[in-house]
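Should a chain be cited, it is by its letter among A, B, C, D, E, F, G and H, assigned in written order, with residues numbered from 1 in that chain.
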Amino acid sequence: MSVDEAIRELRYLPYSNLGFARVDHHRELRLGLPEAVYGPGKTAEQAAAIVAVLLERNVGAVIVTRATKSQFEAVAAVAPEAVFHEVPGLVVARSQPASGGQPVAVVSAGTADLAVAEEAAVTAEALGLGVERLYDVGVAGLHRLLDARGVLDRAAIVIVVAGMDGALASVVGGLVAAPVVAVPTSVGYGAGAGGIAPLLTMLNSCAPGVVAVNIDNGFGAAVFAAMMLRPRTP
Amino acid sequence: MSVDEAIRELRYLPYSNLGFARVDHHRELRLGLPEAVYGPGKTAEQAAAIVAVLLERNVGAVIVTRATKSQFEAVAAVAPEAVFHEVPGLVVARSQPASGGQPVAVVSAGTADLAVAEEAAVTAEALGLGVERLYDVGVAGLHRLLDARGVLDRAAIVIVVAGMDGALASVVGGLVAAPVVAVPTSVGYGAGAGGIAPLLTMLNSCAPGVVAVNIDNGFGAAVFAAMMLRPRTP
Amino acid sequence: MSVDEAIRELRYLPYSNLGFARVDHHRELRLGLPEAVYGPGKTAEQAAAIVAVLLERNVGAVIVTRATKSQFEAVAAVAPEAVFHEVPGLVVARSQPASGGQPVAVVSAGTADLAVAEEAAVTAEALGLGVERLYDVGVAGLHRLLDARGVLDRAAIVIVVAGMDGALASVVGGLVAAPVVAVPTSVGYGAGAGGIAPLLTMLNSCAPGVVAVNIDNGFGAAVFAAMMLRPRTP
Amino acid sequence: MSVDEAIRELRYLPYSNLGFARVDHHRELRLGLPEAVYGPGKTAEQAAAIVAVLLERNVGAVIVTRATKSQFEAVAAVAPEAVFHEVPGLVVARSQPASGGQPVAVVSAGTADLAVAEEAAVTAEALGLGVERLYDVGVAGLHRLLDARGVLDRAAIVIVVAGMDGALASVVGGLVAAPVVAVPTSVGYGAGAGGIAPLLTMLNSCAPGVVAVNIDNGFGAAVFAAMMLRPRTP
Amino acid sequence: MSVDEAIRELRYLPYSNLGFARVDHHRELRLGLPEAVYGPGKTAEQAAAIVAVLLERNVGAVIVTRATKSQFEAVAAVAPEAVFHEVPGLVVARSQPASGGQPVAVVSAGTADLAVAEEAAVTAEALGLGVERLYDVGVAGLHRLLDARGVLDRAAIVIVVAGMDGALASVVGGLVAAPVVAVPTSVGYGAGAGGIAPLLTMLNSCAPGVVAVNIDNGFGAAVFAAMMLRPRTP
Amino acid sequence: MSVDEAIRELRYLPYSNLGFARVDHHRELRLGLPEAVYGPGKTAEQAAAIVAVLLERNVGAVIVTRATKSQFEAVAAVAPEAVFHEVPGLVVARSQPASGGQPVAVVSAGTADLAVAEEAAVTAEALGLGVERLYDVGVAGLHRLLDARGVLDRAAIVIVVAGMDGALASVVGGLVAAPVVAVPTSVGYGAGAGGIAPLLTMLNSCAPGVVAVNIDNGFGAAVFAAMMLRPRTP
Amino acid sequence: MSVDEAIRELRYLPYSNLGFARVDHHRELRLGLPEAVYGPGKTAEQAAAIVAVLLERNVGAVIVTRATKSQFEAVAAVAPEAVFHEVPGLVVARSQPASGGQPVAVVSAGTADLAVAEEAAVTAEALGLGVERLYDVGVAGLHRLLDARGVLDRAAIVIVVAGMDGALASVVGGLVAAPVVAVPTSVGYGAGAGGIAPLLTMLNSCAPGVVAVNIDNGFGAAVFAAMMLRPRTP
Amino acid sequence: MSVDEAIRELRYLPYSNLGFARVDHHRELRLGLPEAVYGPGKTAEQAAAIVAVLLERNVGAVIVTRATKSQFEAVAAVAPEAVFHEVPGLVVARSQPASGGQPVAVVSAGTADLAVAEEAAVTAEALGLGVERLYDVGVAGLHRLLDARGVLDRAAIVIVVAGMDGALASVVGGLVAAPVVAVPTSVGYGAGAGGIAPLLTMLNSCAPGVVAVNIDNGFGAAVFAAMMLRPRTP
């Protein structure tokens, strides 16, 4: 049996059954990416236990999303090097080393989109990507965006984070040669509130090469970028 | 009783009862604008009869919206000077003379928005406004819009007509000093189809000074502009 | 290079990068209106810092919308003349001088719509417009509205603020010669709650010349009116 | 056993099983109203067979709603006195004699609402009610409605039929002492199309005493009025 | 001028302008029913001031809906005879004397619908109607309803209050000779939560003579019943 | 290797790749049920080819749902014994022999629900179940349903098919000891049209033991019943 | 009168009227299942009173769903053997003895679905069913599910509990021979939040034999299973 | 000025104004991709004229999407090498040469998804990508997908096309190391019809690395893949 076949087989193999969770520590091997722990609905102890298993069995990044301070503290007890990013509520228990290559640009429309943009940016950094941030460049003052075209031109992928009208994704999509992953945010009020308006805008973008993730899912956009940009060895 | 009082009283007075319709021929006096006839659901004869009453009793413009060819023909029998604009389905039975002043700019995102944009433009012309058209300048190719900034800068009001992502309204709203009346169109498909996506975009515009009318309502945007721009003699 | 060309060029120029925000202090020059600061999601310090930049670089009105008391206090430290309007949660850091001309009428249906109506009225005053208030004149007691027709007849624009059935916009639209900017409010409960019912009513108004802004967006209606009514020098 | 008890018992008794339908010919006895036949989805023969059973076993009115011409023709073969009302698509196979008393007012906003208004009016007449029609009196020209206040004041119940903004129900509800049964129609386009906008308006009416039926259900409003107004002998 | 004309004229006359509210104390004369005060969004003082004006100028019932305890206390200071019904949150500042005649039946599906049912029942009593309550008779145990048919048969109008599947309205509508006013409640969870499911059920009732009010609007159903059942003197 | 293990292994094995379809002819072995062919979007030839593969490789029933006449004809060419049920548009290419045991009751509310009810009934028969039909027994005439209680009491499962208010599912669920599979139909109009109203009613049923399938999915309800009722040999 | 007839008659008989509730203690006889008490909206005393009546008059299981700790304590005072399951908020006042036979498998996608899965599992156990739990086996790591195929193969019914994409129901439906009752959960955020996304997924499952209950209704799925699996004696 | 700067400048330059359209023939230079022509709403002549301009001025692929036969014929007159792909309605007027590298896998759930899958596959081929098709491998028969894991493992990006439950995207996302672009299709009926159900499923995918485009937008998914995979020369 060749190494290649063995690896392929392994892709369908083990996990740790903690009772309350079946931790898929072979996801890293299978997909090349660690399992992130989704914080809400887990006790601090559960979050920490899952992180402990992942740190022991995996070699890559380990992240807790939408984490509370107390979840961070429980994680820090088993992972002293863990860092808490308060605004997006993200615990990075272990980072992947920077992989070099073209950076990802994280672009946001308004200051109210900051938490989601940071969830994308911090996650991308934890996964080894270079990140350039470009915040508060919404289309109501287009010159702020045009002024920063250098950032956009350097990027391998542009993650556009916007609430309200979500128009920034289309404008960036029409300007840059890189593909755009659009993240609608739940910023705003009234009709289309909770992110429905920018989500629909982004799904209906008349610029080519724009795809979307769910509302406020900055994490998902960063993971997609990492899967896309890591070195592929077919 | 002063003339002023008399006019004010008249504002609440007569109409013609045709049986199937009560034609409000004093709307012109009251609001300074004629009653437009909404075509759908009316026989050609009914449309023509209403037009005839309006032409006889009013002095301003008389319009049939969303009209069919056969409605036009019936109207033309009672109003020989009537003109049929086929793409928006608009019969102009009588136009108001041009009132001069700054023009209205009618800006559209794609060629598929043409019918709605023309409904706005032809209506505005019939109501005596100057109109400058700027079509197919969607945000996916922003230089087409920037190239025509002269048109935008001259306008007293900009009517922005866009389907799909509707992002053009926000971009124009951030560029021009004139207020923007946004018209979402039912162009597009999938989630947010039928104009819901651009309507929500426009209602959530992060540019100041953007208001919206209902989906495909180019007529309404033009009437609003005319009410706003006609000479006011308080 | 002519002055005119220079001004046009300036329209696409600078902003202040505060790190967490790119303050567009040339919006005033470009659009003739200041950038209002949207309060939610900003710390009191951030709100105050943006206000300080705007006061220093701009000459017109400076406003914080949906502001908290503590945001007001931070702003007042950098702008001693700032005034806090508690009901709409509006900080006016600097007002534009009154520009004269026909007033704007702000008309509301019920006492529950007061906060939104006041957001519109106070903003309009801060932007230099004359304002006449006409509150609690919903269509369930039509004589209250008819009794105040003088106010309506004097207005250059009528801002109609209504929740629940939102019918007031159509009734006013049928009565007055001025165009109507309709503001649905989130007052009400049950089907269509959160302002959806009056928004749809207003978008479907059978009266001519009615446009809408998003739910509870009294600020937007006032800005639109100010852009429309300020002296234009083409 | 008293007559009263016998009648009460009968209320829960027989029906005719036609195979494709179980005709409830005791609904008349139980509810004091005949079973109307809902036309769509029935062959002309099925419609006629049900009508025949009802005519034979019941004594009151027999109606087919949303009927086609060919359904009418099949019905007419078994019920020579049947009348076809083409606009609402209503077959009246037998009418109840007029019961006198205060009339029902059927009020509609626009000519496009005619079919639904006529469904209500013709049904009410077939059920023995007096009917006064007041059509095309939408709130965009309020004087048309005020001009006909006599009709409204005479009515025992006012059925208000309106599409688009549906505002007429609230205005009538605020003017008249009679209760209002509101019928939204599917007239209109864009956001809230298909009758959703006027339905929400009517459910959120700020006038007291307004209830609603489903969109385009003129028949239901008339049946409710008939149940309410017939002589009650407890 | 006849008394009749005078009364008709009065219908369009005065109100009290309290600054924050225009109290329509002629609604009683015009519609035969007092203006109820909608509690939410009013200070206790505002509620009490409006009640005071109404008590002084009107002669009929005066009610505050969705009232808090502190609103009740402020009202009680100006209206010592006021009674607070805690479950529906209803203040009855003055009741109309009982008018006799057939009672209204208030029927509810489950104990969770109690507050809305009581809002309907207490309001109806305050407006002078006789009320029979029939609670917790949902269709999952049909014999509970059938057991109480006497109550249903005596009623002039049946108010059916139900959440979740809302099926009770159709079942009652098929059983009783009286018309049904259906009140959906916001009881329930999941798809159709917040009352949407029972509202749609009721609007689509296949029983004749069922009309609906908005979700949780027990007050509106009772007012409709009172308008319907009071002695009419045309 | 035991027979049991072999069978279990086979569950994950072969299919036929026709190019345009991968026919899963081991679904029968794995799930004990054949793959039904969904007609829409397939040419008559494609439908027939899939049927031919299934008839050859499987031993149980073979069905085409939502089939057209021309699809039937193409199928009949390869399966001479195929029967076409026109109202539900169902081709039964081969039936399973009747398995005996308690029957399934298929209950429908109105004649307009017939096609969906027949899709359920014919499918159930093709899968070897005994079926008792009970049609047009909606809750508006409850005695029709109570009259047929014998049918309900005999049933192992009751499939309730209803559009509009969908109340029949709750009423049956409260009456019978058998579990209820509810099928909402797209019959009806207005708010909740297309089957949304009865679907929500059924999901919110206050009777225990009611589950739902998608709108108009009579086929799915019958398959579920067959999976439930076939002899289980663990 | 035969015993059988007597039992059938009894099915339509008594209940206890507690004033605030009509306790249907013959539901057990009629449907073979006890009435569960829905906790929300009931005081602890009301819940306990209903439980007391049910324990005295019925012989089977008695359950309070969505119960609070204080409701449990009040129940425990009248039912000392009552057990509180904190995570699903379920009080089991009395269990049915285990009935033997094939177990029900309760399968959940993620740890966040635990409360709903436990509501299903504990209810099923209280109703006498054997239960096998299989938690945290979502499709993102398919090998966790495949690893536990033994559990799935043994089950008479599989209850699949999943939020977010709800894809687990379709995957299980394609793998197992037992029918699937799918329970969408309100886990998740953004578009389709509150359980709408998994509910739609489950209603549209392309696997045969999948039915759904309302969002988070683990209780309903277990009751359906119990009704299906108890010994039937026609 | 360096070549690099020149190219960057050019990115913001010319287009051809055809009157009815402003053809952006520098999009190719700016974004590295041609402007595709969206067929609906354009006459055959308009489509052909735009294609002619693009063929003349650009060097890459030229495509018309959702094209009719007559649009193809008009295009073929100006582009003799044009090919018509009938099922997706796609005209490829000129293809880009194959660029080599890892292929894109286009995976579809059912035969009804074929047209959308082919739109993605043909577009990707026209843009120079290698494509491997894997159709009709929906999760109801998981072994069909597992059998083809080789295709999935070779792919640089997997485009998953699925209607109804849309579950395939999550299952593929959990299996493969490549990122997934999910395309919901409008296949299906009932609740969630028109593609809403699979769109929500895909946005809520619990597998990492799944992004979505709008319903039926196979073209957009292919363009995104091409932008991602072409050789980048920063």
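Methods note: a contact is a pair of C-beta atoms (placed from the backbone, for glycine too) under 8 Å apart; a residue touches a chain by one contact, two chains touch by 3 or more.
Please read these numbers as outputs of a predicted model, since none were measured by experiment.
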Labels of chains that are neighbours to chain A and to chain C: B
Most distant chain from chain C, judged by the mean position of its C-alpha atoms: F
Selected from F-G, A-C or C-D, interface repeating A-B by over half of its contact pairs: C-D
Copy pair chain A, chain G: interface residue numbering same or different (half cut): different
Centre-of-Cα separation between chain E and chain C, whole angstrom: 37
Intercentroid distance (Cα basis), chain F paired with chain B, Å: 52
Inter-centroid spacing, chain C versus chain B (mean Cα positions, whole Å): 25
Chain C residues counted as touching two or more neighbouring chains: 110, 140-142, 174-175, 190-191, 196, 199, 203-204, 208, 214
In contact (per the touch rule at the top): chain pairs: A-B, A-C, A-G, A-H, B-C, B-D, B-H, C-D, C-E, D-E, D-F, E-F, E-G, F-G, F-H, G-H
Chain G residues within the chain F interface of the complex: 8, 11, 30-33, 36, 102, 149, 153-154, 156-157, 174-179, 181, 199, 203-204, 208-214, 220-221, 223-224, 227-228, 232, 234
Complex interface listing, chain H residues touching chain F: 110-112, 114, 135-137, 140-144, 146-147, 187, 189-191, 193
Of all residues in chain H, those that touch chain B in their complex: 12-15, 20-22, 24, 26-27, 35, 38, 40-42, 46, 184, 186, 194-196, 199, 214-217
Residues of chain A that touch chain B when the two form their complex: 109-110, 138-142, 164-167, 169-171, 173-175, 188, 190-192, 196-208
